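Here it is, the structure in full.
Letters A, B, C, D, E and F mark the chains in the order given here, with residues in each chain numbered from 1 onward.
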Amino acid sequence: MVQTEKNAVFMGSSNDYDKSKCVIVGAPMDFTASFRPGSRNGPQVIRMVSTGLEEYSVYQDKDLMDHNYYDLGDIILPFGNVTESLNRIEATGHKLLEHGKLPIFLGGEHLISLPIVKAMASKYPDLVVFHFDAHADLRRDYIGEKQSHATVMRYVSELLGDKKVYQFGIRSGTKEEFEYAKEHTNMYVDQIIEPLTQLVASWDSRPVYVSIDIDVVDPAYAPGTGTPEPGGCSSKDIIKALLMLSRLPIVGIDIVEVLPMIDQSQRTALLAAKLVREAVLAFK
Amino acid sequence: MVQTEKNAVFMGSSNDYDKSKCVIVGAPMDFTASFRPGSRNGPQVIRMVSTGLEEYSVYQDKDLMDHNYYDLGDIILPFGNVTESLNRIEATGHKLLEHGKLPIFLGGEHLISLPIVKAMASKYPDLVVFHFDAHADLRRDYIGEKQSHATVMRYVSELLGDKKVYQFGIRSGTKEEFEYAKEHTNMYVDQIIEPLTQLVASWDSRPVYVSIDIDVVDPAYAPGTGTPEPGGCSSKDIIKALLMLSRLPIVGIDIVEVLPMIDQSQRTALLAAKLVREAVLAFK
Amino acid sequence: MVQTEKNAVFMGSSNDYDKSKCVIVGAPMDFTASFRPGSRNGPQVIRMVSTGLEEYSVYQDKDLMDHNYYDLGDIILPFGNVTESLNRIEATGHKLLEHGKLPIFLGGEHLISLPIVKAMASKYPDLVVFHFDAHADLRRDYIGEKQSHATVMRYVSELLGDKKVYQFGIRSGTKEEFEYAKEHTNMYVDQIIEPLTQLVASWDSRPVYVSIDIDVVDPAYAPGTGTPEPGGCSSKDIIKALLMLSRLPIVGIDIVEVLPMIDQSQRTALLAAKLVREAVLAFK
Amino acid sequence: MVQTEKNAVFMGSSNDYDKSKCVIVGAPMDFTASFRPGSRNGPQVIRMVSTGLEEYSVYQDKDLMDHNYYDLGDIILPFGNVTESLNRIEATGHKLLEHGKLPIFLGGEHLISLPIVKAMASKYPDLVVFHFDAHADLRRDYIGEKQSHATVMRYVSELLGDKKVYQFGIRSGTKEEFEYAKEHTNMYVDQIIEPLTQLVASWDSRPVYVSIDIDVVDPAYAPGTGTPEPGGCSSKDIIKALLMLSRLPIVGIDIVEVLPMIDQSQRTALLAAKLVREAVLAFK
Amino acid sequence: MVQTEKNAVFMGSSNDYDKSKCVIVGAPMDFTASFRPGSRNGPQVIRMVSTGLEEYSVYQDKDLMDHNYYDLGDIILPFGNVTESLNRIEATGHKLLEHGKLPIFLGGEHLISLPIVKAMASKYPDLVVFHFDAHADLRRDYIGEKQSHATVMRYVSELLGDKKVYQFGIRSGTKEEFEYAKEHTNMYVDQIIEPLTQLVASWDSRPVYVSIDIDVVDPAYAPGTGTPEPGGCSSKDIIKALLMLSRLPIVGIDIVEVLPMIDQSQRTALLAAKLVREAVLAFK
Amino acid sequence: MVQTEKNAVFMGSSNDYDKSKCVIVGAPMDFTASFRPGSRNGPQVIRMVSTGLEEYSVYQDKDLMDHNYYDLGDIILPFGNVTESLNRIEATGHKLLEHGKLPIFLGGEHLISLPIVKAMASKYPDLVVFHFDAHADLRRDYIGEKQSHATVMRYVSELLGDKKVYQFGIRSGTKEEFEYAKEHTNMYVDQIIEPLTQLVASWDSRPVYVSIDIDVVDPAYAPGTGTPEPGGCSSKDIIKALLMLSRLPIVGIDIVEVLPMIDQSQRTALLAAKLVREAVLAFK
């Protein structure tokens, strides 16, 4: 297994890796952040504030105490080395899948989704990705760099093939990104619940990986993020969306771009922790 | 009268206790807070920011200037002594009721509702409680303590009898609390306006005490609170709910768990102050 | 032209004043603020955070890069001298209109709208004003002062004549202000999208000036403002409202009362910047 | 007496105006602030945090409880009207002196010192001023305005005559201000304790008015101020300076430029409150 | 052993309790706080920020890596139950001493020192206490309560006997407290390094317990504390003081009143963590 | 010239590059930050707050208005690409030296000093570096990465040769770093003014490059930095140190690790801006 460091753990997580289906792992990388870095502290703070929540979910009438899930800690990443960091994240993904786990990655910046999807796709050839975000993340490069939080879904889409990425809540991007989306992805501009309802109702058996950039939620609800974009959904909406996903064959999930440093109330990390709780209960 | 200290007062409050029906009183206790203490400063800051609002309510077309209401200040409580603090709060409740007042208590933590309800119930034997909260507050004990913000509605319910507590907006609790609720209270999970509409439409004459934990509102609107729980209602919703209550025979109200220290914008205290204004105008 | 100072500029703004129809100009005045001053820093911070947004708007499928618009910088105002400041703002308005521009003023406090409307009305005799605000701003005087952020729409209304001011989202004011509104303005209490839909559908050709006090939005979405009033609309709503305005003959706009100092997330300034982007794209 | 408003009062202040020598009064004006306004909230917050201190001073072995001093509240000032505001402050000064009081003014911006000194000088013709500040405040005008926080000591000096103003701790200003100082004031650049020691040791009987701009202290100790200037003295130093002043014939004092909004710890207001306590104990 | 909970641990702490002489333990109690509660989060945040420091101390030329020391986690305390909490803290103290450990307690409020000293005194009959604080903490009661952060050193002194408590840096208290100190303790008003130098130079063999209230340091250096008192020492001073203590027979230490919630920079917790590091290196 | 972007500029900077000796340039890189990233915003905020200072320095009796100095803006860096970023910074250094300029670099993280020194050393073969910092920055690698803010002075030292780096104020590092320092650099542990006084008094003609990590100053004075280390010098000390440097043949300077996001008062950026002002006045 890739080397991790582990201090605080997610509330109620088990000591038994083998018996756990869901495995939480932090990818504390934010080197390509463009507006405000600091999401590297996301995983640690999400774990810490998780103790402010209950282990029981009234939404699902399920209790974390009835399940085993493991918190692997944070992958140790070399500060500033993007390529090596992505390699270690991908390696972690491969290892978890090899062990039959359902990974729950905590970002960190959105670029971490790329190596995870690479690992996922090698196991699930017909993988599709459900992408919740304020931003399209479909640039070809960003100030000359191909490896960027702003390009991640472009390369995910190229990896999986056309129309394999479903994008929800998108409200920001360049003209080129939206043109790319028309041809290559399924994008629902500024919409979440409605298209999701239709998709869930008629989904086939293809495995789904979920990537939630917390900035899909309006900065009123999630101010602690690197590139806040006013005009998003509410915390109720994203919780509802996650619960709807429970009816799909989910094989992994990431929750990224939580930047605790600029949210004194920590409601962004709390929302992320709540999504993790619901994911553990829904996907196992 | 129990000893109080009085510095800043609520905007437009009268100097004439005798002529006032509504009496505002602070209960600055937060000793059993579990996640983040500091709600003891709630009453003082709610008063201070109240001057940023108008005395006229366009919602009700009524003006505070046309009414007498009194601000008693804060009850002096011995820091750290829970039992004595609850005694003083209860004594204050008895005194106000004896004088024919409609008390408006400002917390402080939610546990203050228990002694108030005790006083209320001794005057109004058929009292019911309308409880707005993110949390069920129905535990039997919390880390061994029966007197806790997390147990308050359990003991209120036991005091008043089964199905006398109506709970709105609840979205967090243990499995046991929700099971208790099924048998002993009327709980509307994650709902406020809809059930309230039905209740108000067909209410009998039983007197109603209202307890509003500000965390029923989403932390986007009320970040200044001790145990924020993403996924709540908006400030519009809670204002609307309070206005609907004006059609019931309200005999008292508390607004609790405002924690000013972690809300630089003070919009949590402002929302509480606005609820106080509407309560004074609605309930007298 | 009135003297301005110019440091950071709005994203993508042109260097060619002559070719630009829309001109952004800051009016960094907050001397009559009553609760919390500091909106003088609004224009500068709105410009700075604008770089966190994209130049393309998916809402309108238009790109700032396809248009010329100019950022004039901030008008240099003598700190504390209200009369002279208003004179300079009015002079700027006259000059811009003389040059055939569509002005986009950034406040600063709301009082800046008065001299702008004066300039506007001298060019457009049948001008009407669309006013988005939490507060009526219809007082005759405020603590003895006629020139105040709390009186601005009263004097705008007296200047333009009865029923020329349309007020949206209003939820705070004195009894007298609401009585004044009944006779002299068109006020939609606590409503925005509905009345706007009707007005837009049947509008005649009269020119419209738009004045947006950011506090029309709930403090959850716009905490950085001087007199926050809980119970407002969402950021989605105000964006939607602005997009609807694109179907009217808009001749100018101001966005006021952004107070960056108390909003660490800067989502208030980001929302204002987004409104500026949409305004540039919609009104030219 | 000029009209005041009074809500929270300074700790331990008396209800008996007549028996009080020291009178605390707030002048909540900040209209000419240039960098960051908000000092208008200084007086109110200084009073509020004063309860976090003790009434006994171990430095002087004296107790506030052994003395009468009165808190008059804040002078009601018309927002944005500089001239009228200065008139009311001056009128308050005259009234207090007529009643034989030693005034303790709380700012608000530094310009408030000018009308106070005018009142002082009319009673004490040989008045001198001890001025503690990071800034010289000796400009002739500021962006065309003579009435400004940046000009106040120039006009105080012109009013009292050459070499009647003693300036301590100054470390910022224009070249012209420092040249003016050489001829017209006694300025101790970047020094406080040393020159004060010498002056106190050999002082004649001339009455002294003290004006403390809190930014004389380094922003590490007093971050809550409008124009912070790194490189200042410590809180220990300014307390020591105030204690040394007790050996002079002090006839009044002001403490200005406390801006609470940007100091979450409120240590700036606490320092000001401590200086008020020491002043009451030292000067009566 | 008393029950503890353990999540994040202090940097470099050992897994081997038996081989460790120094044992770090958190006492997250703040129920008797009077001004601002929240120090219960102190221990957890001190541990978390400790990773921002190095394990080597250039002051002592020693490295944590060369020593075993254990982090026991936080004692589980019943929120709001003062008496039971003090019992558990005392029990922990007894247990650690029984095992031959040198305890390093992290507060929490200052009252925790009383049960620790009780345990200490039962093992070391000639124990003396070195107390660093802004406040005398020598009241007989505080608003009627004997068990209070404001009374703790009074009862420590009564427990140990006259002149067994040495108090450094004190600059706040009631007249009565300072009078008590004259007879019953050794108090160095507003002084630290000088008296400490003399004491250390001629100390006999009596065992010393050290209690550091972080507010002995000026709020510029330690803003995150419940009752900040301007006029304190620098961080350099307190580090120097701790290093001087290494020449005494220290048998235990506590560092209390760190309140992380109001210190965004976390420099208060960082200073406490640095003191813990130096203590581990100096006292073992 | 390397491509830069330029929005706000440093106060009073000239439009004439050719006539300017000092050239300010931002290097907004923070990709290898380990504890808290965000210093990339340092240059922009230092420029913005510079307007809160005066252009005249009373310390030197010199005025920025009497000199030409140019602000080149920020070097455009590819987010997350360390090697390319360092290349662009070095190229900028070479270009500025080729044009005969004295560069004033604003960080950004400390690693930027390495490429600058490379450029410097190619022009000045006998270059020495004066390094002010809390941390030794002498590691060989950091979590496997050689290019790191924690290794920068090691590679500077290897580049220039033994004993060419003078280190002031150092108080943190690993044992290995301090051992390296003994052999290869001139380190003054926890000292600044004293050793500097001696060096300046007897300096030969060797050219000196100055590198100031703002964390050499105590976090009380400079809380806005990535790895704050309690126990540092005051803002007065670092200003004094910079003034002393004016007597040496300075050929360039950088001021790094200003992290504005976590310093609401912006006193860290203000201190940096003041150092830039003094540097411009001292070194040209």
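The rule we apply is simple: a residue touches a chain if its C-beta (ideal position, glycine included) is under 8 Å from a C-beta of that chain, and two chains touch if they have at least 3 such contacts.
These numbers come from a predicted model, not from an experiment.
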Ordered by label, the neighbours common to subunit A and subunit E are B, F
Where subunit B and subunit E are represented by their mean Cα positions, the distance between them in whole Å: 38
Compute the distance, rounded to whole Å, between the mean C-alpha positions of subunit B and subunit D. 42
Residues of subunit A touching at least two other chains: 218, 220-221, 262, 264
Chain-chain contacts as defined at top: A-B, A-C, A-E, A-F, B-C, B-D, B-E, C-D, C-F, D-E, D-F, E-F
Footprint of subunit B on subunit A - complex, ascending: 51-56, 58-59, 61, 63, 218, 220-221, 234-236, 239, 264-267, 270-271, 274
Subunit E-touching residues of subunit B, taken from the complex the two chains share: 30-34, 36-38, 40-41, 76-82, 84, 142-145, 147-148, 261-262
Once bound in the complex, which stretches of subunit D touch subunit F? 35, 170-175, 178, 189-190, 218-221, 223-224, 227-232, 262-264
Which subunit F residues qualify as touching subunit C in the complex? 7-9, 44, 48, 51, 264
